[in-house]
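Listed next: structures, encoded as structure tokens.
You will see subunit A twice below: alongside subunit B first, and alongside subunit C after that.
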Partner chain A sequence: MDRLTIGKGITRSETLLLRGGESRAWDITVCSGASLSLVIIALPGGVGKIDCDIAVQFEGEGGECQLKGLYLAGGSSNVNIKVNIVHNWPNCISRQLFKGIVAERARTLFFGLIMVPEKCIGTEAYQENHNLLLSDECIAQSLPQLEIYADDVKCSHGATFGRLGDEELFYMRSRGIPLDEARRLQMVAFAGEVLEGLPEETVSEALTALEMLV
Partner chain B sequence: MAEKEDILSGLANAEYSEGFTTDIEQEFFPKGLNEDIVRAISERKNEPAWMLEFRLNAFRKWQAMEMPSWGHLTIPPIDFQDIIYFAAPKPPKKREEVDPELVKTFDKLGIPLHERDALSGVAVDAVFDSVSVKTTFQKTLAEKGIIFCPFSEAVQNHPELVRKYLAKVVPPGDNYFAALNSAVFSDGSFCYIPKGVRCPMELSSYFRINARNIGQFERTLIVADEGSYVSYLEGCTAPMRDENQLHAAIVEIIVEKDAEVKYSTVQNWYPGDKQGRGGIFNFVTKRGLCRGENSRLFWTQVETGSAITWKYPSTILRGDGSLSEFYSVALTNNYQQADTGTKMVHIGKNTVSRIVSKGISAGQSQNSYRGLVKVAAGASGVRNHSQCDSLLIGDKCGAHTFPVIECANGGAILEHEATTSKISDEQLFYLRQRGISEEDAVALIVGGYASDVLKRLPMEFAIEARRLLSVNLEGSVG
Partner chain C sequence: MIDILLEVKNLHANAGDREILRGINLSVGRGEVHAIMGPNGAGKSTLSGVLAGKPGYEITAGEVTFDGSPLLEMSPEERSWAGIFLGFQYPTEIPGVTNTMMLKSALAAHRKAKGLGELSGADFLKLVNSKLSLVGMDRSFLSRGVNVGFSGGEKKRNEVLQMAVLEPQLAILDETDSGLDVDALRIVGEGVNSLRTKENAFIVITHYQRLLSYIVPDVIHVLYNGRIILTGGRELALEIEAKGYDWIIRENG
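Coming up: the complex of A and B.
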């Protein structure tokens, strides 16, 4: 378990790259007025399972935490992402966006808990989890959870499961783009929201990995 | 306008108006649960050997099980040996008559046991503690081939149907309370709609707990054969008491090809007092099976009562192209707890489900939505949309959302969204400055918030549900 504390008023960005078989657990504390932006990218390949466990808590008011994640799972890989955010101080903000592309016989699990204890008013917590399923043999699970004990809060979560859009594929193919390329482009667009703003080498590694799933 | 006045007058006498007891001669089985009690219930109902075997089998399963604890609930220990498992009003002297005391009781609850013209739209099966006391319009319905009768009567008169469908959706070992119910269930309704018949009136079951220390274990089985249609309503109330009482029911629904079933519940068990004393434990297993192609099952529930509610009306979508919808409003106030939601299991191709859940928590209550949307590997073309909203009134209550979404097919499109918020000060201010009192304003806002669900209820139920919402919110603001 790694510990990470973002001190008072500090703004910090982190990227976490996980390849097949790697596991990480982070225990993060965001102090008052601090802001953390963390991007987690789980890449396919290798054997074994990827376990990523993120726990976030606050230490003082006005902390902000943004988590983004992209998990690409193919073959018979197994990806588990767990996020546990405890809004134990008032007036803190958290935003989560996790996207997964699941192919072949892969299994993925996204578990995200937002917990707001009593008296932690002014909390804003948002969470999104989107899954793109590319085969009929894969299994994707999503457990977005809200546990809220304070009334003056804004909390939401959303989860979706879907496939590549037929109309979009047709649009591209009717313009001479080969099927595989059209599929790849759609997947890139899907992943783009998480990848934007990341260093170039990370993006290109993610895109190469993505190509393996097409 | 009339409806609004209804709300206002409802607010004025906000006590739990169904909390009276009926003074009537009743006979009881001794307290406690063992094989002899199970045998005695079966014998009392003059059941065939296979039914007794079914009960005993369930009882043995139950003995080997432990009470589940995964709910987001604090349940005081239940002493199953301290419950009376069978209580019935003494049978009237003339067979066809109903005790006038009972008629009065149900009249007071607004449930007519006479087949009056004015209310000819609804056929009622009235269950009092462990037995069904009257089922109306049986003859009218029989003309169309519809069977609507107490469960114990169905075991006698239609054993082949009961045997064919019983426990096909909820097996006896399904869960702790389902096993308990399968062992000791006393009465409930049985309903069979034959092929191609559209049921001409609403069918309804009304459950009333009266006696002290009893548990009510109802069992309802609804079968809609090919191309048929039925709308089913369920209501329930209990007297005000300081001790908790257990209600563990099973509702099974089987929907064949092209058939449609609407199942609406207004659950108004005694919720306990303001300090959280007393109230009903409502631990219910409700499940429907969309067996045939293009079958449709609609659940609508308004949950305002019970000290603890623990139930998940669910649908197994097995037939290709079948459809199920779940609309729910769950209101908890004072020290009430609710852990409720639904399960949609998509097995057939091109099956569609929709979930709309509105939770409202006030006082010191805890209100959880728990749901499952599962898509099996072979189920292509599945579509689901789930929406779970929670409204918090006051800073001591809790609202929780625990959905599980599992997809094993690349062709499915599933969406889930949930939000949590409180009544905004702006909305309240807007209404207050127009001279509406705070409580009425809250009732109006909550009514609007829940209207998506309420408007799907049959008319009589919708009015009742609105009244219950505003009554149960009494004292939750300020």
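Coming up: the complex of A and C.
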């Protein structure tokens, strides 16, 4: 377990790139007025198994934590992402956006707990998990958990499971874009929200992994 | 002598269990503009979808020859490379894929099919910029998601832009006039007209004659109940505008 503390008033961005069978557990503390932006990219390859555990708590009011994640799982790979955010101080904000492209016989699990204890008013906590399923054999699970004991909070969560859009694919093919390229473009579009702003070499590694799933 | 570009013979097609096209015969020559008119549910959009290779239809009889090759065996992208372009009635929105990405990818595939290399970034931009003015669009459109948040008129102008870049031999415009105000209609009409040559052809599918006052057809076909029941000259459009379809259906349906 790694510990990471974002000190008072500090703004920090981190990218966590997990490949093959790498696993990681992070215990993160965001101090008052601090802001963390963490992007997790999980690329298990064809047979890898990735476990990623992220626990976030606050130490003082006014902390912000933005978590974004992308998992690209094909073959018989396995990705488990667990996020556990405890809003143990008032007036803190957390935003989560996790996206997964799941293909072949891969299995993925997103587990996200948002816990707001009593008296932690003014909390804002948002969680989204979207999954793009490319085969009939893959399994993507999403387990959002909200435990809210305080009044006067703004919290939301949403999970979706979808496939590539037939209409979009036909539209692109009717312009001469080959089916595989049309699929790739749609997948890149899906992943774009997480990838934008990341260092070029991280993006290109993710795109290469994405191409393996087309 | 007319050089035939598209030949449709006795085409029958189903959508699900329903027979929508019940024996279409149509011959379009290079340099011609054909209008296909007809009431709702006649099969107009099915015909355009079948010609462009849209999934979801079953061809039960008939054949289609395009530029000498059997069309129905080709995938949608192969039809595009061969020179077919479908202007959608409802252009699809593709969030996250920009107009530039799509045009670039489409053009590269077309050039590859012709044995040409990819255009350089600069040459691509030069080409696209020269076409933008045809449809009165500015460059900011290029970096937006394909049709995302576009107005009805912008979507149709975007269709004409794509057509201008791909330079098809046969453009099938499916109810391009729907949802357009007069100004947008004029821009789209002028855009299409500027792309007309002696080599290419257009099939303009429409409900109303108003688009046909901008894109003047050589031939008008009336489609009803999956068949072309009447073919005439451009004056037919005015007659339909004045009297509707009922009399044609009574006399020919």
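The rule is simple: the second predicted complex is superposed on the first by the 210 of 214 C-alpha atoms of A that agree within 3 Å, B and C clash if a C-alpha of one lies under 4 Å from a C-alpha of the other, contacts with A are read in each partner's own complex, and residues count from 1 in each chain.
Simple rule for what comes next: contacts are C-beta pairs under 8 Å (C-beta built on N, C-alpha and C of every residue); 3 or more make two chains touch, one makes a residue touch a chain.
Note that this is a predicted model, so its numbers are computed, not measured.
J.: Following the superposition defined at the top, how do subunit B and subunit C come out on subunit A, clash or fit?
T.: fit
J.: Going by the contact rule set out at the top, does A:32 touch subunit B (first), subunit C (second), both, or neither?
T.: A:32 contacts neither subunit B nor subunit C.
J.: Applying the touch criterion given at the start, work out whether A:167 contacts subunit B, subunit C, both or neither, answering first, second, both or neither.
T.: second
J.: Looking at the overlay, does A:176 come into contact with subunit B only (first), subunit C only (second), both, or neither?
T.: Only subunit C; A:176 stays clear of subunit B.
J.: How wide is the angle at subunit A between subunit B and subunit C, using CA centres, rounded to the nearest 10°?
T.: Once the two structures are overlaid, it is 90 degrees.
J.: Between subunit B and subunit C, whom does A:202 touch in the aligned arrangement: first, second, both, or neither?
T.: neither
J.: Looking at subunit A, which partner touches more of its residues: subunit C or subunit B?
T.: Of subunit B and subunit C, B contacts more residues of subunit A.
J.: Looking at the overlay, does A:148 come into contact with subunit B only (first), subunit C only (second), both, or neither?
T.: first
J.: Of all C-alpha distances between subunit B and subunit C after superposition, which is the least, in Å?
T.: Between subunit B and subunit C, the minimum C-alpha distance equals 15 Å.
J.: What part of subunit A is shared between its subunit B contacts and its subunit C contacts?
T.: Residues common to the subunit A contacts of subunit C and of subunit B do not exist here, since the sets are disjoint.
J.: Which residues of subunit A touch subunit B in the complex?
T.: For this pair, the touching residues of subunit A are 118-119, 121, 131, 133-163.
J.: Please give the residue numbers of subunit B that touch subunit A in the complex, ascending.
T.: Where subunit B meets subunit A, its residues are 72, 375, 377-378, 380, 390, 392-422.
J.: In their complex, what parts of subunit A are in touch with subunit C?
T.: Going by the criterion above, the answer is residues 165-168, 170-179, 181, 185-186, 188-190, 192-193.
J.: Within their complex, state which residues of subunit C touch subunit A.
T.: Listed in rising order, the residues are 52-55, 75-77, 79-81, 85-86, 88, 91-92, 94-97, 101-102, 105-106, 109-110, 113, 145-146, 162, 166.
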